[in-house]
Amino acid sequence: MMTPVDLSVELAGLTLQSPIMVASGTFGYGTEYADLVEVGALGAIVTKGVTLEPRAGNPPPRICETPAGMLNAIGLQNPGVEAFIRDKLPPLRDFGVPVIVNVAGSTVEDYVAVARRLAEAPGVAALELNISCPNVQAGGLHCGVRPDLTAELVAAVRAACPLPLITKLSPNVTDLVPIAQAAVEAGSDALSLINTLVGMAIDVEKRAPVLANRTGGLSGPAIRPVAVRLTWEVARAVSVPLIGMGGIMTGRDALEFILAGATAVAVGTGNFVDPDVTAEVRRGLEDYCRRHQVTRFRDLIGAAQVG
Amino acid sequence: MQNSIMMRSRRATVVHRQQVTPLHTQLRLRAPEIANLAAAGQFVHLRVTSGADPLLRRPFSVMLCDPVEGFVDLLVQNVGRGSEIVALAGVGQSFDLLGPLGTPFPLPPPHAHAVLVAGGVGVAPMIALADRLSRTADDHHITSLFGARTEELLCCWQELAGRSHEFLAVTEDGSLGEPGLVTGPLAGILDVPDPETRVVYACGPEPMLAAVARMCAERAVECYVSLERWMGCGVGACLGCVVPAAHPAGDTSDATYLRVCKDGPVFAAGDIDWGASCL
Amino acid sequence: MMTPVDLSVELAGLTLQSPIMVASGTFGYGTEYADLVEVGALGAIVTKGVTLEPRAGNPPPRICETPAGMLNAIGLQNPGVEAFIRDKLPPLRDFGVPVIVNVAGSTVEDYVAVARRLAEAPGVAALELNISCPNVQAGGLHCGVRPDLTAELVAAVRAACPLPLITKLSPNVTDLVPIAQAAVEAGSDALSLINTLVGMAIDVEKRAPVLANRTGGLSGPAIRPVAVRLTWEVARAVSVPLIGMGGIMTGRDALEFILAGATAVAVGTGNFVDPDVTAEVRRGLEDYCRRHQVTRFRDLIGAAQVG
Amino acid sequence: MQNSIMMRSRRATVVHRQQVTPLHTQLRLRAPEIANLAAAGQFVHLRVTSGADPLLRRPFSVMLCDPVEGFVDLLVQNVGRGSEIVALAGVGQSFDLLGPLGTPFPLPPPHAHAVLVAGGVGVAPMIALADRLSRTADDHHITSLFGARTEELLCCWQELAGRSHEFLAVTEDGSLGEPGLVTGPLAGILDVPDPETRVVYACGPEPMLAAVARMCAERAVECYVSLERWMGCGVGACLGCVVPAAHPAGDTSDATYLRVCKDGPVFAAGDIDWGASCL
């Protein structure tokens, strides 16, 4: 006979029944996993990146496996914000958990337009800004690599849209702290970290990169130590809640992020390996709380920071 | 709902293992639900290890099902680390299986002449289809062509031959059956007054599939192919397994690329942009 | 009956019988592996980092395992340059392969002093500058994160010491290319990449970082995709030879770096997993060359870049 | 040279497996060279998988060797992923072993009274030592103390008892033998007119080792302990497995920290800075 553990957390004005979310691009629009996962038990669903116009995405091959990880270069394939709101949002809403829409674009105006449109659509709980997209105005530079560009983008969306704003940080930088601080000062209610590390695999028989896009984003357990370190560093520098992600497969993995200072976690690549992974992570967190007589899960947030 | 039963992942235990060639292993797994639900052309997504390396599942076509005993047979070609772990699995070992996944082969109309074209390990779903057709009451005529580089790679050919009315083996080196490629004998079968009475099904190396697709297109013969791509999720969520679609129509995101795991692995040959995909 | 393959390569004025070296800090001073490895078959030995004064290193725990990788925070434990020359160099020399000494320090003067001293010592084939050490003058910042600091350090050593200079690059930066270019313009004869990624692991039972140093350097197969990508990027931007490393365990792994543009490779963590790894990598390269009728190994360098 | 034979890594096949407790497995491996060379206190560095996860080798003490048959016995406590793979290995399965590694226990002078103190799975090297001593001709007197939380954790105690003149089991819950900690009975053994005639050897949890070291220091009794640390290379190259040394002397780099894999795992208790290491 096990006593239930209260795993609920507050984040960007939302109350999540569980700190376990699914990461953008790894859970489609929810329906793909409806037959496999008790979606209603998730803390939140984060959608695949949505852009203003429809995007076809990159030519294949788009993914390849690496040691304890994978590379992907999907290229933001998505139907565009209008079709998203028309076709994808209604079924998403029906799962009864907060829907966080991941937003991407090539210009600040793109982001603003998508954000405006989503603000009008019923059932969007929050926006997650993917700032690791090439910005045409900034000469293809990712906004996410510079505090000033990050601030400009976040501020513009903040001004245009009342929804809770989560900024998703890229790990491919020399120092993430000033970028995180810029995102917060510009109005982010929370931060997601980390997005993928830029990597490459080469097909030695073909003597060419495996991915048609040449480089891709590295995800999975391989990157967890980098993600935990960045969560730890950013948690010391900002006061908004963090959503930690990067290679989470078990409750123990999730706890590394929570103890480092994350309020919630997101599972990405793990969903591909085992659709039961989010339930498994939940069991792990509950067992841990029982073993350690933790009555309020929240008390674990950042517990490894002291001392 | 029915679906929620259909796709849950489950452990399946190896009950029989046969080394059919030095490169190919036939594994019989105890997986009652999958045996019950799997249709010809569908696949299972198999987790090769509980560790993180190799990380991703590996897709394998369902070759044969025994719903009564609850058995599923896979034909595994050892080409790398993942398939090797599966190929070397002993009786009693168990794997986490996700499936059955993907779209099955559409069955031909009654009395139709089904032409099955298999290349190498692509024979697995063809055996599944031949088995299915030979169990229907609508009296299909089944002709099967099985091609490979050499005799040794004609894995499980008896399983296909035994379920077909005509069977022809083709090897590039002539070590068994006709010498050459399957497209040779296929031309003979399609160059008839009424090619439209035939339905062609193919699975094998992509150049073979492209050639078969072209031949059928030229003769206005209905043709279905089963494709292979690296897979992430296997359920349509990651968009990692796509192939270029033939006629972009309607909303871009769904039409430019098709997902092999969800929209396929079985496609009407005409839906694929062979020029772009066959790299 | 197999025909021998010529694996020799030219690098920073040295001729290596094989492109396979061992990475700094993972092969001690050679003697530790003398009983296990045919050290004489290596292309070169790179020593553990040597500093001006002896260093005790960090308190334990210093290492921990991660998915397909490991974290280390050894803290440059070494006997100092004098004791190195007296005790470690003579046996190293006896292996009969080029000895490349990895140099570390806290100030530019440190590096210069160590380099001067090593230039006088017989049997040092080249220096590898580890520029990812906290620089006290630059307020603890790693020289390796800024082109200007990198150039200053390399130029100072270049001026003080006639030995071939290899600069070892850190991957923990937003853009490695300008740093690589700065190192070359300042006089580096070759570049090594990559050093470890900064990571952290948390002991969830203790609710504290596993390593006494909190953060550590991530190495092993997990980081290979990042290392191959950086090798590919830097190879396009500079003309000096590159020594690629990061998770190499097989000939195929090594070929990813070679085809991306590296002239040689170094095996690090792989030595711990399997002392036979360098011989295994060599067999793999020879088999590949035979299968593809590659008569001169050099022809493979950067072969994946074209097209 | 002799060394080059001593340390080469080799495949060893499991020839016998015994589940000694729900948590402990005794594995007998065929490893003739190691069986020939291993001395009490040395360990083997075992590669648990050919994949990359778990990546690093795992160290295990040699418990018993049979040089004639070429067998090496390991006692494996299942505490995590690596040890689980080893603990569950079936007969016929093989592992890559590196060893024997590390410094063995120095043997006591003839006629000395050897006191062996084991805690939990730390009994493995103590069994190796008792076996070694019982085979010498210098007529040692062997007293063994084996402590654990509860009876079930006194794995292989018979192996130790059978090789000792006196044997005492101690459990914290009193489920077997004396209730309490080994340090209690140890005091009795050391509080004699001539404690200097005794040599103490200990392996087990670090708090136990620290306590034993202190008791011996107070009584000027020679004491050797076997330590455990995470290991990378296992051969002294990575400097990852260090413990703080007691009296920094001579050149800093060698003296501040000692390598458990190379300078140990067996240390004279006085060489360790217990205050700093026992975290």
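Labels for the chains are A, B, C and D, by order of writing; each one numbers its residues from 1.
Assume a residue touches a chain if its C-beta (ideal position, glycine included) is under 8 Å from a C-beta of that chain, and two chains touch if they have at least 3 such contacts.
Given the structure is predicted, the values throughout are model-derived calculations rather than measurements.
Within the contact network of the assembly, the step distance from chain B to chain D comes to 1. Looking at C-D and B-C, the interface holding more C-beta pairs in contact is that of C-D. With centres defined as mean CA coordinates, chain D is found 36 Å away from chain C. Separating the CA-averaged centres of chain A and chain D is a span of 47 Å. Once the centre of each chain is set as its mean CA position, chain A and chain C turn out to be 34 Å apart. The multi-chain contact residues of chain A, meaning those touching 2 or more other chains, are 67-69, 220-222. Of all residues in chain D, those touching 2 or more other chains are 52-54, listed in ascending order.
Shown here, the protein chains touch in all possible pairs.
Those residues of chain B that touch chain D in the complex are listed here as 49, 51-54, 81.
Interface residues of chain B, counted against chain A in their complex, comprise 1, 3-4, 6-9, 47, 52-57, 96, 98, 229-230, 232-244, 251-254, 256-257, 262, 276-277. Across the interface of their complex, chain C is touched by residues 52-53 of chain B.
On chain C, the positions that touch chain B within their shared complex are 67-68, 221.
Here chain C touches chain D in the complex through residues 25-28, 32-36, 48, 54-57, 59-65, 67-70, 72, 74, 77-80, 83, 220-222, 249, 269, 271-276, going by the rule given at the top.
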